[in-house]
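You will see subunit A twice below: alongside subunit B first, and alongside subunit C after that.
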Partner chain A sequence: MATSPKLTDSVKFPAEMDTTKTLFGVGIVGLIASGVGFFLNHEQFFFSYLTSYTFFTSFALAALFLVMIHHITRSSWGTVLLRIPETFSSNIWIWALFFIPVLLGMGTLYSWTDPDYVTGDPIMEGKVPYLNELFFILRQIFYFGVWGWLGYRLHKASVEMDLTKDWGLTTLMRKISAPGILIFSLTLAFASFDWLMSLDAHWFSTMFGVYFFAMSFQALFPLLFLLIIWMQSKGILENTISRGHIYDLGAWFFAFTVFYAYIAFSQFILIYYANIPEATIWYYHRLEGSWAFISYSLIFGRFAIPFLVLLNRDSKHSRKVLIFTSVLVLFMHFIELYWIAMPIMHGHGISISWMDFALIFGLGGIFFGLFFQKLKKHNLVPVNDPKLGESMAKHYHQ
Partner chain B sequence: MESKKSEKTLFGVLAEVRNPKELIDIAKTISDSGYRMYDTYSPFPIHGMDAAMKLKKPKLGWIVLGHGLVGFFGAIAMIYFMAVIDYPLNISGKTLMNVPAWVPVTFELTILLSAFGATFGMFALNGLPKFNHPLFNSEKFEKVTDDGFFVCIEATDPQFEVDKVRNLMEKAGAVHIEEVYDE
Partner chain C sequence: MSKTYEYVHEPELVKGDHNFKSITALVTDINLRPTPAGWYIAFGISNILLLIMLVAIGYLIWEGTGIWGLNTPANWGWAIVNFVWWVGIGHAGTLISAILFLFRQNWRTAINRFAEAMTIFAVMCAGIFPAIHVGRIWVIYWVFPIPNQMAMWPNFSSPLLWDVFAVSTYFTVSLLFWYVGLVPDLATVRDRIKSKVGKVVYGTFALGWRGSNRHWWTYEKAYMILAGLATPLVLSVHSIVSFDFAVSIIPGWHTTIFPPYFVAGAIFSGFAMVLTLMIVCRKIYKLEDIMTIDHMEKMNMILLVTGMMVGFAYLMEVFIAWYSGVEYEKAIFMLRATGPYAWAYWIMITCNVLSPQFFWVKKYRRNVALTFVISIIVNIGMWFERFVIAVTSLSTDFMPSSWGYYSPTIWDVLTYVGTFGLFFTFFLLFLRFLPMVALAEIKNVMPQADPHNYDKNGNFVPPSVDVPEPIRGETDR
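Here is the complex of A and B:
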């Protein structure tokens, strides 16, 4: 109908809003503090580190998936906000360096690294070809290599299009994304097996990969909401990202809240119903003592409350409702990762350590510091994307 | 002609416009003039028509919610009656209030009744099934499944007066206006 609307906002990140230094500062202070913690209680340090690390990595990975889905479906709705997930995933190759402490702490984190634990145990001996230190390290290099390249390349092509106006790059991005999604889903599943599932080396769940994916992808949308709402409150992209886009993100958020619950519950019900001791033991530990409280709170905090709140279509674009739901789900996402990792160390109940907080700030500061450092370098919107006009013309229906 | 027409009841005044843009404009004019009993007809959905016609939010969501809640609580009541009251069975030592095992059935029934609510609620709100519609008496109206854009103000509207309506439609730029009668 009408001609496509023109970009009226500045596509440059305002210099006075630059929080990169503060974020890096917070990150370095947090990391130094937790580094002191390493000498006090190295076991707690490594478990806290792994929890925080998977928490932030999950956003980058979910963002990468969203970008690839966007390209492969030739979507136009999200073109105006594409730069945000692109920037998150473009940093995976640097972020991979922060996996090194986990490798150094392998001996503490993973019981399968202990030969005394493995020998004489037929189940563990059978897993040796997969769960051994060398193969573990090689796998991590492969995962981060794949993700790092995909994220970096897709961001680079998109930024290149800003300068060269070469629309052929959309074909390139689509061609990268198609095999990218396949290899991403495999590497993500195996990475979740390695990082989290093998903490309890006896236990396994064939659904763990998709469970970790569902968690991560659900948690990406609250993060995007908070970022966009914060940016718009400062006047950034105020007229570019409209109610229609927020509503679409709300629909994703709602859909993946249901998907998460479906997957998480499916994993539970299969194990619960089959009632095989070696499978149920994982949930048994998490229904003991104060861990039970977290298990039940996950049902409400991550599914029931967001589901009921987001069911109404008006709440999918109401800023107040979205901020509340987003904070809740992000908090529960961390709690769930904590609930997966920590019972290995604190079998008897929740035991909060100051290092948990130090590492959230430490790794979070670095993660978001890297994000904003890259975001401010490029246009906030892919200005020469052929689908930008269509994306901006998006209407919100009632 | 006059006597023939008077045997039938007037259904409404049908107007044709050239394109979706004009249809939105004429719908705006009509709703601004205070008419409520009218509808627009086009071969495909048109963005912005809901706002132009000042339509209220559809009630369908509430119907679906009601059905969903009936499915949810109905399933729980049914399973509770069967598994706890009527025929308690010990299944691998689990308690009778075996809530996780209730979830799949509760989920399915909630979905099933919600889908019924959505489908049949939509039928009811649209007045379906309907075997005929007075507008099919108009030959011009056949174009509506291809390239015709129509609006019809119905005679049941409290403000309805044939001359006024015709006048309004002419001013709004309709290319063809006719009165449609119910047989």
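Here is the complex of A and C:
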């Protein structure tokens, strides 16, 4: 559009920055260190691994959801920063390989794999058609296949549009995203049952899939903030991603902070209020000993503080405030996953292991290494997107 | 994937060759013209239904809830089903007016006024049911925590009481939001109406609106704040309605997905109701240029999305009931699908999950007749959803020896049918006396409001001779 501002920034990631190498380096060191840990305490290794793995995967999945929502609603606000979530979700098919350790550790992680645990327990015996190793593995292949394909294909189409200027590709992306969201929501729900809910094989909650989604989606926005703020501090896309976009991201962050709290609280209050032992046991364990400390800190760290901070209009424009809130929520996101998974192993209370940290660096290094590797290869902005002009024209008020 | 696709341009929100003046005329002439005969007929029918409702309620108060079909396992019946159904319908109005406003979905401007009116009247219909269900309606004020010398307080830990607060807050905020949005348009009618009485009445409600810069500034601030307040209410009201069921330990009721599932269902049925009403009104009042097929298509997409959300919740419920291994949970879902109320369950599945599937296809989304039929089917389905939830879980509870079959009496039916009388009486009054499209807002999304004089491809086009009138043209003196 003639009225729209022109792209003035370079859309290439600066070649001289060796972010990828550094990150892969950190990742490999972290993984080697935790590999040593595997021989020292393999149970701790697998639990730490699962926690870190779900932590990073949740970003890729939330990013995939954001991309699909962007396409089916024909949004324009986020076009300038679309390449970032696209790149995250385009790597899911490679990232899936890092799920293999979880499959190898199935026998350690999931009590339902133990025949002694299952036999004689009528409830567990009833679950065998769903909770068995083979079906579990097949399901994971299906989930990662679906997500991997969606992420890869949407990224590919978007990159293709950079080269061909074929606006028809937006129609294609919409046609992929519409059924994509449907199958995404189903696979995500069942994946969360498999990865996290079945750790406590007796426990169940119909909300769990939505809960995992709400957590992941809330945590995506702080990640995007930190990335964008860091990139802009290096002079990348300084004039393209404006205050208006940052503000919009802040509004999403705020909205999904409330949504997360709504879902998490609803799940808690319904179980607490009805007070049926087989349902309350899950929270009972997490309100015992030092786990209770995490339970209460989630209320403040993941809801009350970000809610109050982001409620203010000015704080959605202030980079300092956003960095603080983002770091807090990302930290709490990890803590919440830790609090879901770890009490299975450490029933008595929080027991921090050095492997928790090693695996955050290990998997995180690889995850972000893959991200930057891919980000470097392509334009940082979908340069020929029909909505780009509209997106860049975002003013302060919008 | 070598197939190539066409780029689809965004449709214009207002069709036809309109300017601000013609839009004002199109909408407000409906209020200014003499009342058409058809309106009197519709109003008469609505009044008769309203009268039926009053009689049914009068008899209920005289005789007690024994006149309904409630029995001992099924202590909740049609009244609760109707309550949840009507409250649910209201949600689409708030979603359209508040949430879509915050998401800057400009297409909402064609239908928001209309949908908000629907919200308010639907909540009024809903409020009747729990109020008359208490039996002794003359002490209904006991639900409010009013200090009294008997030191008697409502049960604060009951979601039924939370409902009182949730629904009354919702009603208040919706009413305010609707009214604030109406103010500039009331002023437009005030300026155009010929009759003296009309001028005074519209003038009073227009609160002295002159369309000054300061008025608009205040108005937009107020509108924004009310939108922000109304947004959490979309979620909270139906979540608390779902708590009425979900905090209990009744199998089929106690399930954690209930809050978001109820909200999705509410938006689903509400959009269906907006579609039903919109399709009729745009035809009768010739508003096809404003409430276009593109609007209908977008709404059908929302219908599809929310329908799938409801389907997702059905699936989760059934799966987890099986997965949980809890005997009673498993039993209730088997009974729903195969037991005495299997017919209701399958009506629910067909109407809510299967019927919106048509809307995957663009051609069907843009088919007015099909949309009309499906919008009604969806509302039937959503009524049955609440029926299935409320009645099946109660009538076949833990002990087979205490099972019973619930069926409504004529008084249940008459009360329910009668609420349509209440709804349409108000709705027809709204159509007759208030501008049913948010004029000021729709003018904002027309190309004339964008004073850049560029065409679609971004080329400069000199302003035509027919310079559009400014928004304030009608109301400025």
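Keep this in mind: the second predicted complex is superposed on the first by the 395 of 398 C-alpha atoms of A that agree within 3 Å, B and C clash if a C-alpha of one lies under 4 Å from a C-alpha of the other, contacts with A are read in each partner's own complex, and residues count from 1 in each chain.
Here is the rule we go by: a contact is a pair of C-beta atoms (placed from the backbone, for glycine too) under 8 Å apart; a residue touches a chain by one contact, two chains touch by 3 or more.
No experiment lies behind these values; they were computed from the predicted model shown.
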**OP:** Could you classify subunit B and subunit C on subunit A, in the superposed arrangement, as clash or fit?
**Re:** clash
**OP:** Kindly classify A:313 by the partners it touches after superposition: subunit B alone (first), subunit C alone (second), both, or neither?
**Re:** first
**OP:** Name the contact category of A:209: first (subunit B only), second (subunit C only), both, or neither.
**Re:** second
**OP:** State whether A:54 touches subunit B only (first), subunit C only (second), both chains, or neither.
**Re:** neither
**OP:** Pick one for A:273: touches subunit B only (first), subunit C only (second), both, or neither.
**Re:** both
Original post:
Taking the superposition as given, does A:79 touch the first partner, subunit B, the second, subunit C, both, or neither?
Top reply: neither
Original post:
Which chain, subunit B or subunit C, is in touch with more residues of subunit A?
Top reply: C
Original post:
Now for A:91: first (subunit B), second (subunit C), both, or neither, which partner does it touch?
Top reply: neither
Original post:
If the two structures are placed on top of each other, which part of subunit C overlaps subunit B: 205-213, 259-267, 367-375 or 421-429?
Top reply: 205-213
Original post:
Where on subunit A do the contacts from subunit B and from subunit C line up?
Top reply: 1, 269, 273, 275, 398
Original post:
Residues of subunit C touching subunit A in their complex?
Top reply: 1, 4-8, 10, 102, 104, 232, 235, 239, 243, 246-249, 254-260, 301, 308, 312-313, 315-317, 320, 322-326, 360, 452, 454, 457-460
**OP:** Can you check the complex and tell me which residues of subunit A touch subunit B?
**Re:** 1, 265, 268-269, 272-273, 275, 311, 313, 395, 397-398
Original post:
Which residues, counting only subunit A, touch subunit C once they are in their complex?
Top reply: 1-4, 72, 74, 122-124, 126-127, 130, 153, 166-172, 175, 178, 182, 185-186, 189, 193, 202, 204-210, 251, 258, 262-263, 266-267, 269-271, 273-276, 278, 386, 398
Original post:
Given the complex with subunit A, which residues does subunit B contribute to the contact?
Top reply: 20-21, 47-48, 50-51, 57, 61, 65, 92, 94, 100-101, 103-104
